[in-house]
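Each of the next two complexes has chain A plus one other chain: chain B in the first, chain C in the second.
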Partner chain A sequence: MASAASAPSRAEVLSLFRSLLRTAAKFTDYNVREYAKRRTIDGFRENRGLSDPSSIASAFADGRNQLEVAMRQVVVYSLYAPKVKSVMEIGSG
Partner chain B sequence: MAAALRPAILRHIRIPVRTVSRSRPLACLNPLSTSMIRSMSSHGDDHLTKEEVIERVLDVVKNFPKVDPSKVNPDVHFQKDLGLDSLDNVEIVMALEEEFKLEIPDKEADKIDSCSLAIEYISNHPMAV
Partner chain C sequence: MAAAKHLSLIRRAFPARRLLSTATAAVVDPPPPMAAEEDVISMKGVRISGRPLYLDMQATSPVDPRVLDAMIPFYLSRFGNPHSRTHFYGWESDAAVETARAQVAALVGANPKEIFFTSGATESNNISVKGVMHFYRDKKRHVITTQTEHKCVLDSCRYLQQEGFEVTYLPVRPDGLVDLDRLAAAIRPDTGLVSVMAVNNEIGVVQPLEEIGRICKEKGVPFHTDAAQALGKIPIDVEKMGIGLMSLSGHKIYGPKGVGALYLRRRPRIRVEPQMSGGGQERGIRSGTVPTPLVVGMGAACEISMKEMEYDGRRVAALQERLLNGIRSRLDGVVINGSVEHRYAGNLNISFAYVEGESLLMGLKEVAVSSGSACTSASLEPSYVLRALGVDEDMAHTSIRFGIGRFTTEAEIDRAIELTVNQVEKLREMSPLYEMVKEGIDIKNIQWAQH
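Now for the complex of A and B:
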């Protein structure tokens, strides 16, 4: 289904990174939220050194798909939001 | 008999109308009147002071895992002075958004690449908490 996309520009990659982080921040569940943030950062950092345009394009497409998954899951999780805050979210002091 | 009684009673009840000369100017038109200055109003305190913004921005940057806190000062540039890359830049701006409860549009966020720009943007943002 994905057409042969040309390599994304630097701005597009950073925009995808930001969108993923923003979406991750919307999760109501502490664990999933932290995981999504961590995974985004690790994933982008891991692929930082890619130089081949087709692998960059496929990694970008992967990221796009993950963004869609995350956006859907934010909605689903919000329907079952926990009533009590996780202990990790209680500020220190 | 009732006819004579009625005016007598009304005369007793009715208060005579007096006209007051409006020579005294309205107080609200006088700009120097102290009633204009709401000295007890706390509305002006809603905005953050510059020092508070600087302190909180520096705290966020110092707490960033890849940053060496001793190098952080209000003039520091994220990529040139702290050795961060563009991904770290996005992360730091996200952390600042969380700290000040802001939503910075992408175009503006791309321009913030140093502490001084961050401090300036946040200080000028009306919604910063």
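Now for the complex of A and C:
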């Protein structure tokens, strides 16, 4: 279990950010994929100003949990991806 | 050895075959004719190139992946019945149910002991309306509700009327809000319940819950609200709003279908007669095994909604403005049904003048929306909600309800604007009525000749 007592380094935060975006891009569902990308970016932007180490640590821990959820759900969604994609992915109408 | 040779012969004769049948094997009839070649969906005479973009969030919402993640373990190894008191499976399941109960309670400012799980808001509405009046049937014979309530509330009231209770169906103002003075005046000494929904599913209007709660508290009448569309979208506080009973739904807040909850106040205690007889689960209020995976899903959905309410609220409001401006900048004769100020942004119900609703919907097959009469879609009559607002018949027929939610993107809104505007323009071009309006003729004063 990762200890949330010490604040993560900048490198760790960036690595988490990139992992979340990479994982988000793998969702086969258009709406979930867009949401995951957008929420990650907005979430990290919102927390950019955090200065208190314990709140940074808890936000980081929360992010890691979200990453684990996302990695599992990417698999689940891909197992059941419908054959026909959303009209948003197919092109102009 | 003989056995091995025997086996290898068999293996060569019969190529590897699954001995276990899975439930998805072709035992079930294939679904209705749906061609899926060249990535085209063909169903009910309509051909579309892909799955439509979904803008019908009031009908139901997609399950959030985080909710699904919380539910799956309870379909795999943690499948116990929460009422099994004697073993680990039961304890584990019960713990999950109680966690979910606390999550739901936290979202509405209630005590977990005041939350009871049901099969959905319809069941909760039934328990609230019928259950309360049946319990207090000796002293209380009168119910007050509005004309724009959901069908299950209106139907429950009709059922009570057949049993001899009296029901007052309060009219609403043209903006959809209930008139507080009329409500106060309608309360009698034998009024047992006031039921006003928090957010209307058709027009998205938000009722003044705090004021209604205050009136009901002064007069000592329990206040029931159907908060199926409101949960997780507007802040709900049962104390501040003086709510006595509340119906909640799982599948409107990105949770699973088939689950809902009922909030029942403990102080002062509101009693109900249960509608389901059985083993006395959920403190006797609702018998039946509590469906752990669904309840866990609803709890997770509530917790996520509590964290995301502000973010989602801001986004949805911005998307609604984008949709409205996009449509209004290119079309005239666009009317919003229901109050603009007191509305939940994710529900936009608009009428397009001089356009017929069914034909508009037929042309919007790449956008999943519903017309104003979705809940009464079996009949041809326009929605009773729009009629209660005083909307003209022809405008009521052309109403479209756009439902925006957590997962809606700007690109989807833009595409919806494009498709809607194109279709409305096409229909208006073909419409002789519109031609006449453009020439300045006042349609309402035409004397139509008899043949």
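Following the convention adopted for this analysis, the second predicted complex is superposed on the first by the 87 of 93 C-alpha atoms of A that agree within 3 Å, B and C clash if a C-alpha of one lies under 4 Å from a C-alpha of the other, contacts with A are read in each partner's own complex, and residues count from 1 in each chain.
Following the convention adopted for this analysis, contacts are C-beta pairs under 8 Å (C-beta built on N, C-alpha and C of every residue); 3 or more make two chains touch, one makes a residue touch a chain.
Fair warning: this is a prediction, and the values are worked out from it, not measured in the lab.
When the two structures are laid over each other on chain A, do chain B and chain C clash or fit?
fit
Per the contact definition in the header, classify A:Met88: touching chain B only (first), chain C only (second), both, or neither.
second
Could you figure out whether chain B or chain C reaches more residues of chain A?
The partner making contact with more of chain A's residues is C.
What is the contact status of A:Glu34 with respect to chain B (first) and chain C (second): first, second, both, or neither?
After superposing on A, A:Glu34 lies in contact with chain C but is clear of chain B.
Look at A:Val69 in the shared chain and tell me whether it touches chain B only, chain C only, both, or neither; answer first, second, both or neither.
A:Val69 contacts chain C only, not chain B.
Considering only the touch criterion stated at the top, classify A:Phe44 as touching first (chain B), second (chain C), both, or neither.
Touch status of A:Phe44: first partner only.
For the overlay built on chain A, what is the smallest gap between any CA atom of chain B and any CA atom of chain C, in Å?
After superposing on chain A, chain B and chain C come no closer than 13 Å at C-alpha.
Using the touch rule from the top, collect the residues of chain A that touch chain B in their complex.
Spelled out, the residues of chain A in touch with chain B are 10-11, 14-15, 17-18, 21-22, 25, 41, 44-45, 48.
Write out the stretch or stretches of chain A touching chain C in their complex.
27, 31-32, 34-36, 39, 42, 66, 69-70, 72-73, 76-77, 82-90, 93
Enumerate the contact residues on chain B facing chain A in the complex.
Touching chain A from chain B are residues 85-87, 90-91, 94, 98, 106, 109-110.
For chain C, which residues count as touching chain A in their complex?
Chain C residues touching chain A: 36, 39-41, 48-54, 62, 65-66, 68-69, 72, 311, 366, 406-409, 411-412, 415, 418-419.
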